[in-house]
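So the structure is just underneath, and the comments pick up after that.
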């Protein structure tokens, strides 16, 4: 908008206005998009470190299988994260030379304190997830839902949604809800999607709710 | 470039448009709704490994085998034990045990009353203080002024308390009476030996119940229910005789409303029909070889219990009486039940004996479907406590309640006499009182009198787990573990075969409480001398282990040890026969049935109590869940309802839900009115078990304790409380 | 339910013997204890008192001494309606309740429900309850909460689920043991299991081996409000004619269903 | 002070007087807002609803305001589709009343649900079988239509009218208003009907249940019909009320007369259908379920046969007869009586379909359930009335609602 151009005052005003209006509109859009896509997710999730840096890889090598630590109980329920009592079996004393193990033995084993593990895939209380139905009946592998966590050297940062208190892994890492793997997102629709594929039917409410 | 208002509007519009294309509003909308799934103020139960622990419920005397479901170290559910064992079952009270375990009215630590306020003290301190006081009493040669009120007389814990009193030098161990005491009396008087009856209801084909609350809490409720269901399956008859259409009456094949207090008359009237028509010949039992005193009995019923007289007294038609007597005798295996309601009051000895004569006439003793006469499990074989001179001298002092002597020669304990004895003395004859496993201040009739007596007693130690009415009157409370936290042997006599059950700790004690067995052992040890010597056990658990010996292994596995040996030692008396009338019974001046207290003119109505499974009226009080099941025609807000026949209500100008003032010779209470066609005109009824002043906000202040309105009537024959009601009057408010 | 395997549809239901029911209320407490049903200080306002299982007291309307009463436990009827269109299921605007064609159980999902209460208006049995307030467990009492049932929040509807979680747990056990099927006694509702009078029988109405299959065929068996077409799965048994008649509405001259 | 905002050629009261009036209304509004907040923050225990009354005063109010707001769609239908052009003189007001009624309905629903933060589930997790889903969708869509219908009027405010963009927008919108009116009529037909369906499909509730065609019970059609009949009556009632308050004639009699005549015929035909429906229900539907008509009008302290007579005869046949006869319409007193009775009639109908349905026992061993609302329920139900009055006050003051106002009230 050159000032040398001879245009009537009113025209000038209108043009100026039209241009800036659009410009401001676009700025507004840009700000919102930036806030929504970049800043908001950062604010929404509280990052938490696990109490101990646990290496699945090391343990997997030592015990050989997932179900050595994550096993089914006699009544068919799944034990989930190991309790201190299980860990003590091997870790009564420091075995290796890692700092993590030392912390574990000194702060937890010695004080008989359960480790407050943060569970990435913990479903809300209203969900009844049957490991038996998936692992025993449908013979699915752990990896098909949990991915490669079993071979990881270190534990990822746990992200807790500040509003809901749930793990970010449930709603999905990607804020847009895009997923590539089964374990990228664990919302109800994801359960339904797989159920529909495998059984031809999303299932009834009570199949997974309690 | 000038920035004006328009630019800002534009910026805002852009921002708004942009937001719609960002995840922010949508994610917030979703997250806010997810937030409502788990509001921070709503609890999320922690998950863990499930485990099941079997134990024996001791919330009532039934002693059912139950299974406790645990998650981690939490108790989440009580269930009936899946087993064919006759003793496994559960009732509404047993199902409440998780709530009772975690109840806010639990006493969390030993307490001492200092200037009318509770002060927390340690177990050690409590034991030391109690021992100190008791030492002083003994020094003053007043050891016999120690008394103990115990909820039960069976099992090791009551035995320890009784032993303590003996070793200390007091004869005043008193148990809370129930219909079982009368049962024992009836049979020891007529069959000659100490035995307890077991009514084989399930196998009977004709059950006549004289007001027995078979389905209202009598005996072991779970077992009684099972037996009733078997009756139904086999299409056998149940006849219920009582003035109110109780739950039992409602389930019965026939309900015969009777003027309350005349049940014994009916029984003797039936006996007259049976004898007159010689119906007993069919039964082939009434030979002189098996009974004594029959001719005398026959003469008595023929003289005083003609059909016409009985009909007039009981309000039951003559033909109904005849039919009932005939049907009873026609049946293969008839049985007559006695003891009113759930059996918390002993009742009139003569009434019970009268009904039991029907069993005798039917010759159903020790027969399938009849009455089994069994001996009580006898497994506590401790050496006699060591007595020093002080103890020896005082142990032979007269019992305060007078039981076992003079006109009370039949009774062993007479708790009902205690208030009168205490109140009539200038200073309390009891200086020190232990209250264990019972809540006498609440459960005894004539609350005012009881309160006066309790206030007069200088020092009371309560062993209650709950802040109940008696505990709140105590000076020191040494709270017992809840039954899910402790070992204890439970003698169950309500089943077919007497059994000893083992309550096992399911969880570690959650509060700073102490097992009453351990408490009494500690007190004994603190007193030293022969008293300590009398308690050689380190703690209660070793005592129990040593007492039960090999039985404990059986009980650990099976929960129950069943005394197969002691089936019956009945008829071990001198004659070896059933004695209708003998020297002992002649002493009790036959057949005076207890009437209600109060002038008929001033109090034209009769108030009776009714028992309900949904309201626990004994030592254990209602859980919040149980109170939740109580109908709004029983309790509304804090108002209690009395049941009244619409005809009677009309006479008093009372409508449904009207407020009325209920007056009895013993007290007054404001009540509401529930019109009920299932109650005899002229009779009003009120549930027992309400009107607590102790416990928590889920129970306190709801309704009225019927014991405040009913006085006790000493049964002339036995000395037990035989009151079944009281005369009353209503006035519209 | 893997593809191809012949899957027999189950239809869980109850037969309640009213001749045996003593009205003791054990089923109510068993249910409340099992299902984390909240309680409050005053529960005498019965229209604001959550009782998934409620025992009604029926009266025959006659005067003393012909008066008679009968107790009738009322869980959710798990109506099948017409092919799964239970009165409550089809009205729910947000699919917070559904009819499971594999089990015949009508669900209620507390986290989906937004509290419009249309289902309560639809249910003639008053089997549905609303959380008018936040549930509160006094300090310490939250310890007995069952982790297999999620506690409800205020503002949602809840009702009897036939203890569906017990079915889930039984299935889990079966799967872990390499079984597909569960036995009759492996899945029993809390009320049926607790009933001291054995008045409640629970099982698969489609399974000839289950007791309910036989019991429901007794001529003295009836269902509540059958004439409305709700097609409930809870059957009642009574030898008393007046009780059977009380199960449904009849015009004065009509005879009750045999 | 606000003269720039007041349309040309009309007279309005002083700003001071207006402020006092608005303040008074705001006080009532605030009372409602407090009750509303109580319900939101403390929960629905603030109401007297209970497990027998899942639906109560609010749902009645919802159904009633939507029926009364039906004047908007039906007047629009008559003007734009049928071509009754005179009605342009009242359509603006009908639309405004519609907007008020429908926003009120949504507000009440937002208070009524136990979990307001989840209320969007009705759209996201919609159950196609539920009448309530149909209601929610049609109601929201129709509210959008109503707002679109209202916007041009808003832009006619002298201040806004100066913006060329808005003026053009307003003009163009006017031109395509027929399309919106048609859409509105269509949507209204469905949601008015589905509201009838809400009660009519309850086959567990014999009092409400009606047979019907395909998926729609007869109440579906009866509700639409009654809304079309009584909605315009409400528009007329509010118009007359406004005239009374402003002390001005705002709409010519011929316009009102036309609308009233159509309403009369609608009401007349509706009431015939309603009588037929009641007869069929009593004679065929109920006996099949073991009930007789009198079961629903006896044994309780309130619901007697009088309510049926009141609904059908007093508030149905009588007003219909008055409105159909030109003599009846000419007589001012009779006319207003008829209009008021018609409005009451539809409210009674909605009341019984909700409240009496809840009250009547279905299981033989239950009794009638009686209910009275808590103050919080009453306050939140009055809230929309205050809000509506404020809305109308502002609209009347600043918008040229009544095209005939200038002509009828010339400024000297």
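The letters A, B, C and D name the chains in turn, as written, and every chain counts its residues from 1.
Basically, a contact is a pair of C-beta atoms (placed from the backbone, for glycine too) under 8 Å apart; a residue touches a chain by one contact, two chains touch by 3 or more.
In this text, all values refer to a predicted model and were calculated from it rather than measured experimentally.
Peer 1: Would you mind checking which chain's mean C-alpha position lies nearest the centre of all protein C-alpha atoms?
Peer 2: Central by C-alpha mean position: chain C.
Peer 1: From the centre of chain A, which other chain's Cα mean sits the farthest off?
Peer 2: B
Peer 1: Any chance you could check whether A-C or A-B wins on number of contacting C-beta pairs?
Peer 2: A-B
Peer 1: Please work out the Cα centroid separation of chain A and chain C, and write it as a whole number of Å.
Peer 2: 38
Peer 1: As a quick test, compute the distance in whole Å between the mean CA positions of chain A and chain B.
Peer 2: Taking the average C-alpha coordinate of chain A and of chain B, the gap between them is 56 Å.
Peer 1: Once you find the CA centre of chain B and the CA centre of chain D, what distance in Å lies between them?
Peer 2: Chain centres of chain B and chain D, defined by C-alpha means, are spaced 63 Å apart.
Peer 1: What whole-Å value do you get for the distance between chain A and chain D if each is reduced to the mean of its CA atoms?
Peer 2: Chain centres of chain A and chain D, defined by C-alpha means, are spaced 49 Å apart.
Peer 1: For chain A, which residues are shared contacts with two or more other chains?
Peer 2: Answer for chain A, listing residues that touch two or more other chains: 75, 77, 124-126.
Peer 1: Which residue numbers or ranges of chain B touch two or more of the other chains?
Peer 2: 32, 35-38, 44-45, 47
Peer 1: By residue number and range, which residues of chain C touch two or more other chains?
Peer 2: Counting only residues that touch two or more other chains, chain C contributes 45, 49, 59, 95-96, 111-112, 134, 150-151, 153, 155.
Peer 1: All pairs of touching chains, please: list them by chain label.
Peer 2: Listed in label order, the chain pairs in contact are A-B, A-C, B-C, B-D, C-D.
Peer 1: Would you pull the chain B residues touching chain C in the complex into a rising list?
Peer 2: 36-39, 41-48, 71, 74-80, 82, 89-92, 95-96, 98-99, 101-104, 215, 221-222, 225-226, 228-229, 232, 245, 247-248, 250-251, 255, 257, 510, 613-614, 623-632, 635-637, 645-647, 676-681, 696-698
Peer 1: Provide the residue numbers of chain A that touch chain B in the complex, in ascending order.
Peer 2: 16-17, 20-22, 24-33, 35-37, 40-41, 44, 73, 75, 77, 79-80, 124-126, 161, 163-166, 171, 175-176
Peer 1: Mind listing the chain D positions that touch chain C in their complex?
Peer 2: Residues 43-45, 49-55, 112-116, 118-119, 121-122, 125-127, 129-133, 136, 198, 201-206, 287-292, 295, 357-358, 362-366, 369.
Peer 1: Mind listing the chain C positions that touch chain A in their complex?
Peer 2: Residues of chain C touching chain A: 1-3, 95-103, 105, 107, 109-112, 148-151, 161, 164-165, 168-169, 171-178, 180.
Peer 1: Going by the contact rule at the top, pick out the chain C residues touching chain B in the complex.
Peer 2: For chain C paired with chain B, touching residues are 17, 19-20, 22-26, 28-30, 32-34, 36, 39, 41-46, 49, 51, 55, 57, 59, 62-65, 67-71, 111, 134-135, 137-147, 150-151, 153, 155, 185, 190, 193-194, 196-199.
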